[in-house]
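Given below, in the form of structure tokens, are the structures.
Look at the two complexes coming up: chain A is in both, with chain B in one and chain C in the other.
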Partner chain A sequence: MNFIKNLMQNLVRGPSTVSYPFGPAWTPDKFRGRVAFKLASCTGCRACEQVCAPGAIRFDKTPEGLRFMMWHNSCVFCGLCEHYCPTDAIQQTTDWHLAHAVEDEFTMAIREVIAYVNCSACGAKTLSSAPNPVGVNPPFSAEEIEQQRNLCPGCRKKALAERGATS
Partner chain B sequence: MTSLKQMFSTQTRRMASLSPWIYRINAGSCNGCDVECATTALIPRYDVERLGCQYCGSPRHADIVLITGPLTARVKDSVLRVYDEVPEPKVTVAVGVCPISGGIFRDSYAVLAPLSKYLPVDVNIPGCAPRPQAIIEGIAQAIAIWRERL
Partner chain C sequence: MSNFTIPVGPLHVALEEPMYFRIDVSGETVAHVDIHAGHVHRGIEYLATKRNIFQNIVLTERICSLCSNSHPQAYAMAIEQIAGLVVPPRAEYLRVIADEIKRVASNLFNVSVLAHLVGFESLFMHVMEVREMMQDVKETVFGNRMDIGANIVGGVRYDIDGEGAAYLRAQLDRLAPAVAEITALYRTNGSILGRTRGIGVLTRADAVDCSVVGPVARACGIDYDVRTKAPYAAYDRLEVPVHTLADGDVWSRAMIRLAEAATAIDLIRQCLDQLPDGPISCTSERPPIPPGEAIAKCEAPRGELIYYVRTIDSPRPERVKWRVPSFMNWDALRFMLKGAKIADIAIIVNSIDPCISCTER
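Let's look at the complex of A and B:
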């Protein structure tokens, strides 16, 4: 008589089928999905390129600056880039809606350029990347990060020493 | 007589468009994507048969072909032979990152990915492995393409 119990339970609970694609689908909060890139936080350290197992992340030098490229069609969602990113510039979202027609194959990518600027202190050509605040004590404030962004590596070192920070 | 023939033809097309059958080819996959494909059919939570689809055992009955795996050198000839047995019009869906770009096996001497060098692929479902709902999303796109071709 167990089936009557099951029948009653099913009548009360309704079908267990998720209505997707006709309705919304539930996604776990910690789901590792499509990678998102935040250009403003990227230090250009290229650690993500180094650890990316399928080679989905690539950096190349263009006349405008250092270009970050990431192809979703090669990403295996391992999460190493997110783990090794010192400034959380690269993060995995819970988005898994990646199915696409084959014509859009190469638009399924992130292409962002960390532009070249002239150092605001010495005028040398440098990348306008975010400073790496790991281990800096006291930590950088938002204004300091913006100041450091337009300094060349030498001037950054000097500014850090004048600030009295250990890094 | 021609009108009867035409009517028969349109009616069969209409009926066929409601139930595209799916055939799955394993082109050297690690079995991850195959498990997810089986999940879409066997687990009531996902249930791809709501879209009128059914996994069939013979390529000659199929309308939509799901291909998993990076197309290893050893399996290439068999895959192409089985693929040619699927009657036209057919829609090809690449499941997982392996057939699309090679994924983790990219640039290996034993792997011939991308699959699109050998077959006309229509829909990509990236993921390693893709979520069952993502596969259903891709199959829904494939059905839309298939209805246009029919």
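Let's look at the complex of A and C:
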């Protein structure tokens, strides 16, 4: 290796390191960072909970409904939840700024509740979750998703059967 | 001449990985080596039986950072065998790309640490800077610098579009001449040659006795590479040259690693040229896994990695067992270190590219 050549190149190019935190740090678009959750798209299928290796995602039942909990400090950023989510309700963002004060430890979480409602057809108590799109052809329209959201599982099945073209 | 027993490790032997050697020296020469293990045993094999089959993809990826693609790949191959899943051709090529990207980064890392141990710090930094190109590729294509998360049961979960392929090619075009330059330097530089040629020699007979694998075996003239002996993924459709050298010293092992990094760049290019269209996974959901058992093996950057998985009628596997390349290569250290000088111990230990976190899991 020609060291003079290398030295000149390095002088021209400047430092290889970035000046973070005094300057911006490069983050690619596909970076697997902090998890974001979209309650309106969640079907409550709990696939994310089952594939989450560190157990960062938990569901539990509260009087108000089915609660989704996700602890950022337990997350290993593997992205399996995003991969197996049928509706993209869970997605990884490019945000990697997760440093926080110790007293904020218990607020470093997502807690959202899929509320109980009464079925708009039969009146039974049910979860107002988004319908599962797997195998539904043609796919749900936005209005259909809102209609299905307020139906109990039995009435959803009935509505799907009336709709015709299902899997 | 006086005899001493000196401890080397468990901290800060070459790779800052915990490996403890009790070395009997006669003057400055190593007379006998005792290797003690167990400092980073984390019980991952047991833990794997407490996680379900899909969670274990993530767990196996985190056994070791440098071969973090080979573990989930071998594990996924074993599960696919049990479930009879057929990986689509595009996914097979994408698996090779992920594997080879990790191989380039891993091999360059080891070679750079060799320069550091020789005392050639500017070369160490130069090689690490070259390796950084591959780290950028991993971050851009997969979203993480080490745990790239390419594999799932039934295929892969990343895809390369036209823009991604162009970026990857551009990075490879920058990387290939840099690797060639580094290879020429390691071949000719006096400081490197003086500290590595004829050091830590492992004869072919000893290599066979220890059943060493990977670059350590190929540097002793043993022509063994899983990618050609038992092709998996898309390797049967690719041109995979196997590099061997006869001397079995530290220098040969470094040269094999550099040659394999260059080959890996070529393999990624071949994959990008041949990349077929189609799905990247045989199913978008979690496939049912029946009871059964299977063995799968792949060529990790350090050599042959074997996975054994037994599933029962349960979401969790009953047994997951793996044999890592460092296990056999580690044993060969006793032969390499015999008669070595104290100053060469770290260089010789580094030359097998020890991965303690894989071996002790």
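Remarks
Operating definition for what follows: the second predicted complex is superposed on the first by the 165 of 167 C-alpha atoms of A that agree within 3 Å, B and C clash if a C-alpha of one lies under 4 Å from a C-alpha of the other, contacts with A are read in each partner's own complex, and residues count from 1 in each chain.
Just so it is clear, a contact is a pair of C-beta atoms (placed from the backbone, for glycine too) under 8 Å apart; a residue touches a chain by one contact, two chains touch by 3 or more.
All values reported here derive from a predicted model rather than from experimental measurement.
After superposition on chain A, the partners chain B and chain C are accommodated together without colliding. In the overlay built on the shared chain, the residue A:F77 is in contact with chain B and with chain C.
When the two complexes are overlaid on their common chain A, residue A:Q9 makes contact with neither chain B nor chain C. Once the two complexes are laid over each other on the shared chain, residue contacts for A:Q92 go to chain C alone; chain B is not touched. Once the two complexes are laid over each other on the shared chain, residue contacts for A:V102 go to chain B alone; chain C is not touched.
In the overlay built on the shared chain, the residue A:Y20 is in contact with chain B alone; chain C does not reach it. Look at A:N137: by the touch rule set out above, it reaches neither chain B nor chain C.
When the two structures are aligned on the shared chain, A:A53 is found in touch with chain B and with chain C. The superposed three-chain arrangement places the nearest Cα atoms of chain B and chain C 6 Å from each other.
In the superposition on chain A, the residues of chain A contacted by chain B and by chain C overlap at 16, 53-54, 76-78.
Listed in rising order, the residues of chain B touching chain A in the complex are 44-47, 50, 94, 97, 100-104, 106-107, 116, 121-128, 130-131, 133-138, 140-141, 145. Contacts from chain A toward chain B in the complex involve residues 15-18, 20-21, 25, 53-55, 71-78, 96-102, 105, 108.
Within the complex formed with chain C, the chain A residues making contact are 1, 6, 16, 28-32, 47, 50-54, 76-80, 83-84, 86, 92, 134.
Against chain A, the residues of chain C that register as touching in their complex are 51-52, 54-59, 61-62, 126, 129, 132, 139-144, 147, 149, 152, 157, 181-182, 184-185, 285-286, 315.
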